[in-house]
Every structure is written in structure tokens, then in C-alpha cells.
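Please find one structure pasted underneath; my questions will follow.
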Amino acid sequence: MDIHITNLLKKYHDKAVVDIDHTQFKSGFIYGITGDNGAGKTTLLKIIAGLERYDAGEILYSGVPLEQGMMKKITYLSQTPYLMRTSVYENIVYPLKIRNIDPMTIEKKAKDIMDELQITELKNQLATQLSGGESQKVALARALVFDPEVLLLDEPTASIDPATIDTIEEAITKRNKQQKMTVIMISHNMDQVKRMCHEIVCMKKGKKISIKE
Amino acid sequence: MDIHITNLLKKYHDKAVVDIDHTQFKSGFIYGITGDNGAGKTTLLKIIAGLERYDAGEILYSGVPLEQGMMKKITYLSQTPYLMRTSVYENIVYPLKIRNIDPMTIEKKAKDIMDELQITELKNQLATQLSGGESQKVALARALVFDPEVLLLDEPTASIDPATIDTIEEAITKRNKQQKMTVIMISHNMDQVKRMCHEIVCMKKGKKISIKE
Amino acid sequence: MDLLKEGLKEALLLLIRFDKEVYSIIGLSIGLSFTSTIFSAIIGIPLGLYLGVKPFKLKKTFTRTIYTMMSLPPVVIGLLVAIFLSRSGPLGTLGLLFTPTAMVIAQMILITPIILGITYNDAKQYGPSISQIGITLGASKFQTLKLLITEMRITLLIALVTGFGRAISEVGAVMIVGGNIKGHTRVMTTYIAMNNSMGNYAMAISMGIVLLLISFIVNSVLYRYVAGE
Amino acid sequence: MDLLKEGLKEALLLLIRFDKEVYSIIGLSIGLSFTSTIFSAIIGIPLGLYLGVKPFKLKKTFTRTIYTMMSLPPVVIGLLVAIFLSRSGPLGTLGLLFTPTAMVIAQMILITPIILGITYNDAKQYGPSISQIGITLGASKFQTLKLLITEMRITLLIALVTGFGRAISEVGAVMIVGGNIKGHTRVMTTYIAMNNSMGNYAMAISMGIVLLLISFIVNSVLYRYVAGE
Amino acid sequence: NEEPESIILSTTTSTQDSGLLDFILPGFTEKTGIEVKVVAVGTGKALQMGRDGEADVLLVHAKSSEIEFVAEGHGAERFDVMYNDFIMVGPEPLQYETIGDTLNGIMENEMVFVSRGDDSGTHKKELSIWASRGITPEGKWYMSAGKGMGDVLQMANELRGYTLTDRATYLSMKDKLELEIVFEADALLLNEYGVIAVNPQKNDSINNKGANKFIDWILSTETQEKIGEFGKDLYGQPLFFPNAK
């Protein structure tokens, strides 16, 4: 799914928070978004995910505006993820359950992703009682488990310990390679962005200021 | 204020989350705490701050247990800081106001810290509508503004952009040098910890596993 | 004091004697309040969730109206319902005045705003982040509603219990629209009020104690059910 | 329908005529409800905040009890207060039955659990993180309480408005303990109930409209005051 | 700054709802400076309040219960104050000779009958008439409301049923009701009001002096005349007939 943005404008109290003339995210690539605190990165990502209204401009997904069916294929992982008041396992299988996938497959997929992100021991813990990094990992597992076409990540490794960062980066790049998953991730870690991304969008005060390869 | 910990034990549902035989944080030093996600770092810091009960053990602050008067000199900056529903400025001056400091001094101190952390433009914004990194900076400003003796920081730069990280690190080390402020900070960034800290405590599954200088 | 002791004794006797009238009064009270709670929940909960989550203009006005409605005076509700249902009123042909149906209608008008208000208030606060999760994980509108309900179950439970408690303990409206007809529309509260006005304090108190007990039991059972919290 | 129209006209006339009796009834209603809201808030808010923030055993039992208390049936409250205050009751020597004081007491018993419950419920949720900020920034116990109050002002406002709304619209309890004595303990709701019994629908409805207006005005003024939200 | 002296008068709804008390009481307060706090309840409760010493003086209409009340020592003496009569009202005219026949007819035809059912003077009167016929009224047609006179008249109106009422309340509400008199004027239907001062030994708070002043006043020629006047202008006939000795 290609994403084209034209003349996008989003204001808060008359302050333009996102103001992008044109940019595009091509299917099957990994994009990094960097920029100062308050540059508008989170706002942009939420708009792309269809979670935030905007004041002007146009976003086309494979040539058409966002519609219900497409939203099912896009997922967004927040900077402060919300986990449901159930077990870690129930959180992770939720997107599969609502897709009516058969129980056997659900169990297998959940097991695989938990093993991959090394959170199997947390399986039965209440998701609202996790540590900062644990929450981030569980939310990521929940986002990856249903193989979305477009993955929007907001600082996914901000609170992750160094050993696990590699695991997570690997999990993401693997899916990009194997399933052509499109990834747009915000990160303040320039090394990480350079390691992972095909293209980098840098934002400053709402505007896109440069693209580095 | 020296902090001595002996046989500290904290459990959640029978799982020992913090289990430390002995450790000490000496006055005027900067300590780094590192370790895997879920190792018990946040829990330990909260216990030291007097915000969390523990099941066994003893913590002495300059030789005595924690008391009200001391708590006024210790401050803790959470991984997910809570900002009051007022302006950024009101948030920052709050600790000064409750100490009955004269308005002129308050204004000056607030101005200085906002300039130092580069958040002056946010002054009149509602604190609950900030971006992730902005919130972290405002919360840090609010913690630094009243010159506490002991500063407990939980991943203070996790969501901060690279340019500002330096500013923040500097603000902290400056206070350590000039006012002998004791700092204990959790961080997943090993480079940062090595840059800033006199001593590093590494935790694994609730236990202290090594001290590197 | 003696009256209270006597009331307690009387309350026990009341229940042990298996007096048919008393049991049918208790049964009617519970039945009517239960019915109106269910209907009010069917209206109030989805509406409250929807309005709480959805941004719309006039939200402030709406909030204010809801809170005003939450304190609609029962006598006024009773009066209005009675006027509408009376023979000369617009719905007079239905012949509903002084029937249990009229009482359910009055109770619904009383508690729907309460259930709606409690739901709306929390949905406004937590709803957006919950429904956002639904959306990002690919839930349909209906699945998102289900998610909201499971995540906010404690709030919804409180809304239900509050609504039921209000319905069963209300007297002003049901007295007017029900008429306190023996064996037909007499419920616990009108029984209490009547016995009080007849000077039968012991009987009034004993039924009052039964009413408190029911309230406590309903709370306990539902809290146990949700466990946690 | 005609009755409603007539009621509206009558309501206007009622207010314009500057009938002394009507105004004193309205004044008494507002005064009593205001008084009991203040007293209940003085008890309920600090207690609710304290209990919400402080971890303690039996918290579940407490929650359940509070919710039960929140739906205490007004008639039962009225009955119990009347028994305690009656001349032969334990507090009989005070001579409070059928006085405005008795009505304030009954209203307080009715709404203190409501104010306490609403406060407690939110304090349990947000209180810990707020008071934690107070502690880490060096606030004294009293300053932390003040911080809790400012941060939770919207909840507290809702608690106050709900309490007041409940007090002013309640009829069962104040009828019993106040006695609806003309010029002395007659309030809007007992006036409405009495006129309804006498078949003076227009007068009942007109006072009902006034009561609704007051409720709406109180809500509006307070919401405006807190602004935001 | 003492509160003005006051007495608590426990009375039935008919004296308040008909407007009589509003008409005569200001005269008493003017004359004696004593404020009268009227608590209008059913006769059953009014008497109970007397037994409990909650009221200072009673103005009620259930003669046999009142006599019993005095005999049990709850009050000093009962004085006749006034009377009017009970009447049967309903949606359609009925042609029976006596009140007993009327009730019997209603039962046999299962026409709706709304009973006060609240232990009031009116209720007691109704029960005594049923009893005189050896009938225990029961069934869907017999509705026991447990409410005051005004409410019961409205219910009868609404349900197109019959009921026994005192003439004063009926007249004062007549224009709001589609009910007509179906039976009246029978010796059995006399409705006598009496006044009793509550035994001051019940507790220290009872204002016996005020109560006695009230009794003296209500039995005085002047007040009695005023009672006889009440309602003449509005209804073309008096609602109560004074009969103090």
C-alpha cells in the first residue's frame, strides 16, 4: 500500500503542528522519521493511521482516501501504548480473535511472537502491571501478530534494554523482507534509523526538512 | 545524604522483584542503574523515593530511616511523569510556591530553568497537551527547579531528541558538581551511563549483579 | 431505639413468616427495578459510550444537560408521566396509569440519564484511547463497542448498580404513577411510605431493612462477579 | 398537553407575581440543599480523597458499603431520622423533628455517601499518581490535599452538583422529617407532592418547572466557573 | 432571640387540603402569638403521633378511635369541633336506597372501588359499613390505595371507579373531577371532627398550655362561626358545620 501525502496541514490552537507539502511512503520500504521534540512526528503518524483529523490536505492510500477496509491492514503503535485490562496473552491474541482465526492458529501465532520477542514468561501476567519496557514489547507483539501491511511505530524501542533492541529490530526488518510489510517508524536514535531504514524523513516545526537515503 | 540499603526485598504476587543484599549511594555522586526490562529498576527507585512499600530490609538515609523532612529533599522523576492540569509554567513553579519562596526569586528560577532546558516557548501551554519529549523535559525542569539534594531519575532521556540529550546531561552533571547533588539515574543507554556516572549498578531479576566504575 | 429493635425483629419475622403479600411486594419491587434497569442500560450504555468517544459540537451543552437530567426530581417525573398517561392525556387510550408499566416508564426516565451520565463521563475520559486500540488492531465498529464494554466493565457495573439502586429506592414517582394499589402496584418504598403515614413504624422499618439488605446483596453479588476491583 | 402549557404559563406567573409564599418556599429549598451540600462536602470530600489515595485493608468491603449507602432509600432515611429526632427518641430533647435542621440532617445522610462515593471512586484512580507528585515535590500533607483538590476539581464539582441536585429534588425523606409545614418546612418538592395530591396540577407543574430551571442554572454556572471541560 | 412559641397540630389531610386551616389559623396566631405547625397526615398516623407525644394537639375525624385514645390516657378530653358528611362518588349514577346497598351493588357488579386503605377516618368509616353488611371486600375490582383523600379521588376519576369521600375534599376538587355524587345523606355517614390535647406527661417538649389555648380558641363562638362561613362563597355551601357545645 503506497501512501501519498499532499499539502497536509494540522493545527492546534492556530499553531501549525504538521505542515507537509508532499511526501510519499512506498509499499515495502522502511521509513524513519526523526526530528526534535514537538516537531510533529507523533501527530503525523496518528494522522496517517486515521486516528487524528487534519485541517487541510489529502492523504491517499494506494490512490484512494482511507476507508474502513484499509484501516484493518494498518496498525499504529503509540509512544504510550494502551494495554487492555486482561492478561498479556489475551492482549496479544485480541487482533487474531476479532479476525475469527481458528484457535489452533491463534495459539501457534501467539506462541511464536512471544518467543520471538522474549516475553513468554509474562504470558499470564496482568498487562496493566508491567514495567515500561515490558509494556512496549507486549504492545509490539500485539501489533505484529496479525501481519499488518503497514506498521506505524512511535519510538518503539525508547524504553527497551540494549540486548532486546536487536531482537526487536530484527523482528521488524524480517517482516519487511519476508512479507513486504511497509514500516514507518519514529525514532530519536540516529544509529538505529540508519541501520534499519531505507529512507529518512526529518521533521522540524511541522515541516519535512530533508530526506536522506 | 548517604543512602544505605540492606537486605531489601520487595515482592509482587510472591515474585521477588527487588532483592538486594547490600548497596550504598554516597552523597555527591552520580549513580547509573541499568538492567533488562523488568529487572526491578523502577521499583527500586520508587522504594528509595519512599513511594513504594517493601516487604523486608532496611534503607537508611544519612543513618536514619526516611522521615517527612528528608522526603522534601529527595525527588523522583517517573518513567511516565504526571503533569498537573495547568500551564507548563505553573507546573514548574509549583515546588517553589509550596516552599513559600518569594515571587521574584520564583520567577527568576523558573526563567533560568526553562531557558536551560529550552522549553521557554512552552511556558503558557497546557501541560497535559505536550508531546512525549516535551513532557519529559517539563517534568525534569519541575524536579530540578527546587535544587533537591537527591535526584532520582527514571530513564530521563528515553524520548528526548539527540540534540537536547546533551543539554539535559549537562544540566544534571552541572548540579552534581556545583551543589553536590546526589543523582541516581536509570538508563538503557550504556554510553550515557558511562559518560555521566561515577558508579554503575546493574540489576538482573531483582538482584544487583555487578558494580563497574 | 425500641422501634429499631422491634423493626429488626419484625423484619426477620416478615421474611420468615412467608407472608404472601410481603413477598409479592418485594418481588414486584425487584422485578420492576430490574426491568427498568435493563431497558435503561440498553439505551444509556451504548449511547453514553458513543457520545463519550465521538467528538461532536455542543459536547459541553450536552454534558450540562445530562447532569441536569441526572437530578430530575422524581415527583416532577411522576407528575409528567401521570399527565401523559392519564385518561385525558395524549397516551390516555393505552390505559397505563396505575399499572406496573407506568412505574417502569417513570423509573426509566429517572435512571436512564443516570446510567447514560456515568457511562458518558468515563467514556469521555478513557474511551478515546480504548477505541483507538480497537481501530488500530482492525476491530469493526461493533467489535470496538464490545472492547469498550469489556474495558470499561467496572464503570458500567457501577452505572447498572447505581441505576438499579436508584430505581428500587425511589418513592416519589412510583407513588404517583403506580398509585400504591395493594396487590397490583404496591412496592417496597410505597409500602414503607404508607405504613409510615399510617403510624405503623415497625412495619415500615422492617421493610426498610429488607430494602437495605437487597441493596447490599445486589452490590455484593455484582462486585464478586466482576472480581478484581 | 394543555396542562403542560398551562403549567408553563403558571410557572412564569408564579415567578413574576412575586408571591411571597412561593419565593420563601424556593428560598428554603435552595438554602437547605445548599447547607447540606456544604456540610456533606466538608465530610465527604476529604474523607473520599484520603480513603481513595491511602491503601488500606477492607478496601473492597468499604467500596461495596459506599455504593450501598449511595442508594439508601430516602424513605428509610426519613423514617430513621424521624425516629431518632422524635420526642421519645434518643435525640428528642433537642426538639428537632419538623424543623429545617431535621431536613438538613436527612439530606446530609442522603448525599454524604454520594459525594464521598464519587470522590472516592476517582481518587482511587488518579489520586495515587497525584499525591505521589505532591510527595516527590516536597508538599506537606495539607499541600498534597490541596493539590488533589485542584487536580480533581472537575470530579469534585460533579460530586457537589450531583449532591445538591439530589438534595433539592428529593421528597421522600424531607416530607417525613420536615412535615411539609407551611411557612416553616415546606420546600419545592413537598409543595409539588401536596399540590399533586390536591389535584392542583398546574401549580405542581409550575413549581416543577422552577425546580428544573434551578437545577439547570446551578449546573451551568458551576460548569462555566470551572471553564474548560 | 427566642423562636416564637409554637404548637404542633397533627391533623388529617382533609382539613388542610380543603383549605380550612389556611382560612382560620391566622386568627389564632394573631390572637395568641402562637404559631401553629400543621402536620397533615392520615388519622391513623395523627393518633399515633399523639400516642408518641410527637404532637401537642390533634384535630381528627375517627370518633371511636378518638374515644379509645382518650380512654387509654393519651389525651385529656375530646371535644366536638365540627362535622360534615361522607358521600359516595363515582362516574355513573347509582340507584340504591342505603349506603349498604350501594356498596353491595358495587361489589356484585364488580365495579371499580378505590379504598383509602390507609387507616384514616374515611377508611375506618368505609370498613365499618362493609362490616355492617358482613362483607370482606376482595378482588380485582377493590383497590386499596393506601393514600390520602385527594389522591384517591384522582385515582377513582382516572380508573372510572367509586369511592367514599368526605364532602369537603370532594367539593374542593370537584371541578377537576368527572365524578358525581351517587349516594349521600345517611345517618351512618356522619363525619365528626374532634380536638384533643395530647397528654403532657408523655415528654417535656409538649406544649400543653398552647394546646389548651388552641382548643379554647377553636371552640370559641367566633371561630365556630368562621368555620361555618368557610366555603360558602366558593362552593355555595359550607364545607364544615360547627358543633362545639
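Going in written order, the chains are labelled A, B, C, D and E, and every chain counts its residues from 1.
Criterion: a contact is a pair of C-beta atoms (placed from the backbone, for glycine too) under 8 Å apart; a residue touches a chain by one contact, two chains touch by 3 or more.
From a predicted model like this one, the values you see are computed outputs, not experimental measurements.
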item: Given chain A and chain E, the chains that contact each of them; value: C
item: Which of C-E and A-C has more C-beta pairs touching across its chains; value: C-E
item: From chain B, the most remote chain by mean C-alpha position; value: E
item: Interchain centroid distance [CA atoms averaged], chain A/chain B, Å; value: 29
item: Chain centre separation in whole Å, for chain D relative to chain B (CA means); value: 44
item: Intercentroid distance (Cα basis), chain D paired with chain A, Å; value: 49
item: Residues within chain B bordering two or more other chains; value: none
item: Chain D, residues touching no fewer than two other chains; value: 201
item: Touching two or more other chains - residues of chain E; value: 147-148, 151
item: Complete list of chain pairs which touch one another; value: A-B, A-C, B-D, C-D, C-E, D-E
item: Footprint of chain C on chain E - complex, ascending; value: 41-42, 44-49, 51, 117-119, 143-148, 151, 155, 158-160
item: Contact footprint of chain E on chain C as seen in their complex; value: 86-87, 97-98, 175, 179-184, 186, 190-191, 194, 196-201
item: Complex interface listing, chain D residues touching chain C; value: 1, 3-4, 60, 63-65, 67-68, 70-76, 78-80, 82-83, 89-90, 121, 158, 161-162, 164-166, 168-172, 176, 188-189, 192-193, 196, 201, 204-205, 208, 211-212, 215-216, 219-220, 223, 229
item: Residues of chain A that touch chain C when the two form their complex; value: 49-51, 68, 71-78, 82, 84-86, 94-95, 98-99, 142-143, 146, 148
item: Chain B-facing residues of chain A, complex; value: 12, 34-39, 42, 79-80, 122, 129-134, 137, 155, 158-164, 188, 190
